[in-house]
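What follows is a set of notes on a single structure, which appears directly below.
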Amino acid sequence: MEKIYKRNKLTMSQVMLPNQANVAGNVHGGEIMKLMDSTAGAVGIKYSRSNVVTARVDELEFHSPIFVGAMITCTGTIAYVGKTSMEVVVTVDVEDLESDAPPKRALSAYFTMVALDKMGKPKRLPELISETEEEERLFQEGKKRHEFYKTKKR
Amino acid sequence: MEKIYKRNKLTMSQVMLPNQANVAGNVHGGEIMKLMDSTAGAVGIKYSRSNVVTARVDELEFHSPIFVGAMITCTGTIAYVGKTSMEVVVTVDVEDLESDAPPKRALSAYFTMVALDKMGKPKRLPELISETEEEERLFQEGKKRHEFYKTKKR
Amino acid sequence: MEKIYKRNKLTMSQVMLPNQANVAGNVHGGEIMKLMDSTAGAVGIKYSRSNVVTARVDELEFHSPIFVGAMITCTGTIAYVGKTSMEVVVTVDVEDLESDAPPKRALSAYFTMVALDKMGKPKRLPELISETEEEERLFQEGKKRHEFYKTKKR
Amino acid sequence: MEKIYKRNKLTMSQVMLPNQANVAGNVHGGEIMKLMDSTAGAVGIKYSRSNVVTARVDELEFHSPIFVGAMITCTGTIAYVGKTSMEVVVTVDVEDLESDAPPKRALSAYFTMVALDKMGKPKRLPELISETEEEERLFQEGKKRHEFYKTKKR
Amino acid sequence: MEKIYKRNKLTMSQVMLPNQANVAGNVHGGEIMKLMDSTAGAVGIKYSRSNVVTARVDELEFHSPIFVGAMITCTGTIAYVGKTSMEVVVTVDVEDLESDAPPKRALSAYFTMVALDKMGKPKRLPELISETEEEERLFQEGKKRHEFYKTKKR
Amino acid sequence: MEKIYKRNKLTMSQVMLPNQANVAGNVHGGEIMKLMDSTAGAVGIKYSRSNVVTARVDELEFHSPIFVGAMITCTGTIAYVGKTSMEVVVTVDVEDLESDAPPKRALSAYFTMVALDKMGKPKRLPELISETEEEERLFQEGKKRHEFYKTKKR
């Protein structure tokens, strides 16, 4: 089985426009979730070189509101890889381009993605090899969450 | 403090259009999450008679894919109400209008919403009174989740 | 020929967002018409179990303006069924979720829908059987309108 | 009172894109209605030099389907002007740019628009003066329809 | 080879809506560029009776800002036709429908379009015959620009 | 006057969705131009810490088509800064996430942006200091283009 030694990571970013606003005039939370889902999907495709679908989202937490005009950066990092599913840690950082303030964490969540083969069946994923202690810690935490979520499955 | 005896519930529904598709041609998961967030927000506003924001989303689980052309029905039910935050159980059912098959559960999730006053500060919520055993069970489960999520807060 | 004893009815609802506004800042009338057309189409598909197209819209009347943030509920009721076309009464009710005011009728219209078979040819529709006096009255009124519109056809 | 001697007319046109498709892959009827409403609104604003709202739509008739990629031309002509409301005849012509076929009438409808002053109250409209027999005929027909619709008002 | 004696020209127009605004609340420059590209494409398709792609855009110049609510008219005129590519002069005029001011030039640009056959290969274009001195001048200027751009190609 | 020693650069990226397709099913060139304009605007805001508007776009060149599903990365680099206007080099790279092929240059263009103060008047920009030979070369080329464009101004 093919091995991928580099833990994959991918970044997507956009400036938030007025047509993404909610009724209160801030950015619609659902627009952000959509971007997070796209990021999780993109890094999952990149890692597996195949189509992927979202299976679960857990612990999606809003740390601060996002305003129209902000530049947001959405990062997806593959933390854990099982046989056919992988956990992607997705974070969203927000930057006010007109100010000197550094980007600020606005959201984070765990996405579980499943790779599909051409027939739409779950597909075996390449093993994820930790190269640093940090990567190994991330992997072990992701594995623990993965096992916990299985007990939650309805 | 005002009491609301009826546990609030609200339904939103739409037919999924081609402009909501993902790259694979099915409905973009992020579009569904956006609709779920809107539903949780709407029932939260209805219950609190004030603006609300999404604080967390947990255990969002995709049970089956959603196709363009499907009619989806998104239901938000307030399960638990604390001082300033409330838990909304959001479910998504999907129906193929051209077939005789009954609607099918496609997603479910727990949204934690916070009510805000005119100054944008968290606002005291009216107490939720269970009138049936079923409502009381839902309330107790929501309370347990609420306490569990607090331990997860990053 | 198959008979359907229940007069079909279907409801679609959404919260109106800022990206649906017109130049004056209220909800674009065209957005509402689009939702009404979707509702008429959906109930037509549900009744005929086939693809449908809109043939006519008559007496579309705006009773009150719709504001961004309002929850709108669009109801399609099949009033009359001819050989290949059916009349759908579409109503739009609007609710301010932050207030205690009950929903209010904002629009109504009559949509004439034609069912199409797989070749795109008009398809025979199942007969609509009135079960109550109210249904029969609605049927007779729809029939009268149907005959009147035929005289208007350009 | 100011007089406008020229019967106002205004044209809007676009190429239909895939994100305007319905489930069957043709252009969503609601998208076309939205464009018709925009055209009626624009010519109403141009005639009255003030904000306008749609009051009614009548006899909206689909003469032929519209395909993605077609160029559509939407024309609004003010037929009749009363004290505060005016009737706009809206037509939609469709052209396949890759063929030599001439544009073809795809839809037509009558829109009743009301002009509003800065306070949102109905505003007196400038009188419409027919300069040709054709304009006079259009005016008399519009007037007849206007009086007929009043009897239909729910 | 077929000859087309009429220099083709095509106009597209729309009223700018709030969902086309940028962060500052004016119309997003990118929305206008998108409409210009659509216009260049449409006139290119009309001239060549085939699919076209954009190869270059040059000297796109914003002469004045565009506000939400403005009616914009985008005109594409084929200035020069080479073997497989053609130059389209695209202009955008903007009109405030509530005022008596005449339309005003807001943007202009030169689009180079290439016609493609069914296999996606560049396709020979019909010759453009100037019938007036004005057309001949436009052709010669377009030819000069075409040759200049070739030297710029990266 | 404040000096900024770092030449600013900013990256925006997205996966292209079906609702961004043109009639031929590829990504609409206008969608890409819109993203390029957003990127030029964002880096201009970041450099000037103020609102900016697009003044010109030159030599926008499509090197290869972009397909739905591709990940595109749009990079804006400030090449030259004059008194109130700056030139941004914008490039678009495209990556097929399912393949091992490296990203490929799909477009490039020069955007001239003007910074505006709170009154909407052009605002003096901080001087751009080249720190490397490469930066100096970019600056000199940008300056030459800037002077050339001035002669083109209509």
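Brief remarks follow.
To keep things simple, chains are lettered A, B, C, D, E and F as they appear, and every chain counts its residues starting from 1.
Everything below uses one rule, namely that a residue touches a chain if its C-beta (ideal position, glycine included) is under 8 Å from a C-beta of that chain, and two chains touch if they have at least 3 such contacts.
All figures in this text were calculated on a predicted structure; none of them were measured in a lab.
Looking at subunit A and subunit B, the chains that touch each of them are C, F. Across the assembly, the mean Cα position most removed from that of subunit B is the one of E. On a Cα centroid basis, the chain most remote from subunit F in this structure is C. Centroids of subunit D and subunit F (each the mean of its C-alpha atoms) stand 41 Å apart.
If you average the Cα atoms of subunit D and of subunit E, the two centres end up 27 Å apart. Here the CA centre of subunit C is 47 Å from the CA centre of subunit F.
For subunit A, the set of residues touching two or more other chains reads 15, 18-19, 22-23, 28, 38, 41, 51. Those chain pairs judged to touch are A-B, A-C, A-E, A-F, B-C, B-D, B-F, C-D, C-E, D-E, D-F, E-F. Within the complex formed with subunit B, the residues of subunit A that make contact are 22-24, 28-31, 33-38, 41, 51, 53-63, 65, 108-109, 149, 152-154.
Considering their complex, residues 10-15, 38, 41-42, 45-46, 49-51, 71, 97-100 of subunit B touch subunit C. Those residues of subunit B whose C-beta lies close enough to touch subunit F in the complex are 18-23, 25, 28.
Against subunit A, the residues of subunit C that register as touching in their complex are 15, 17-19, 68-69.
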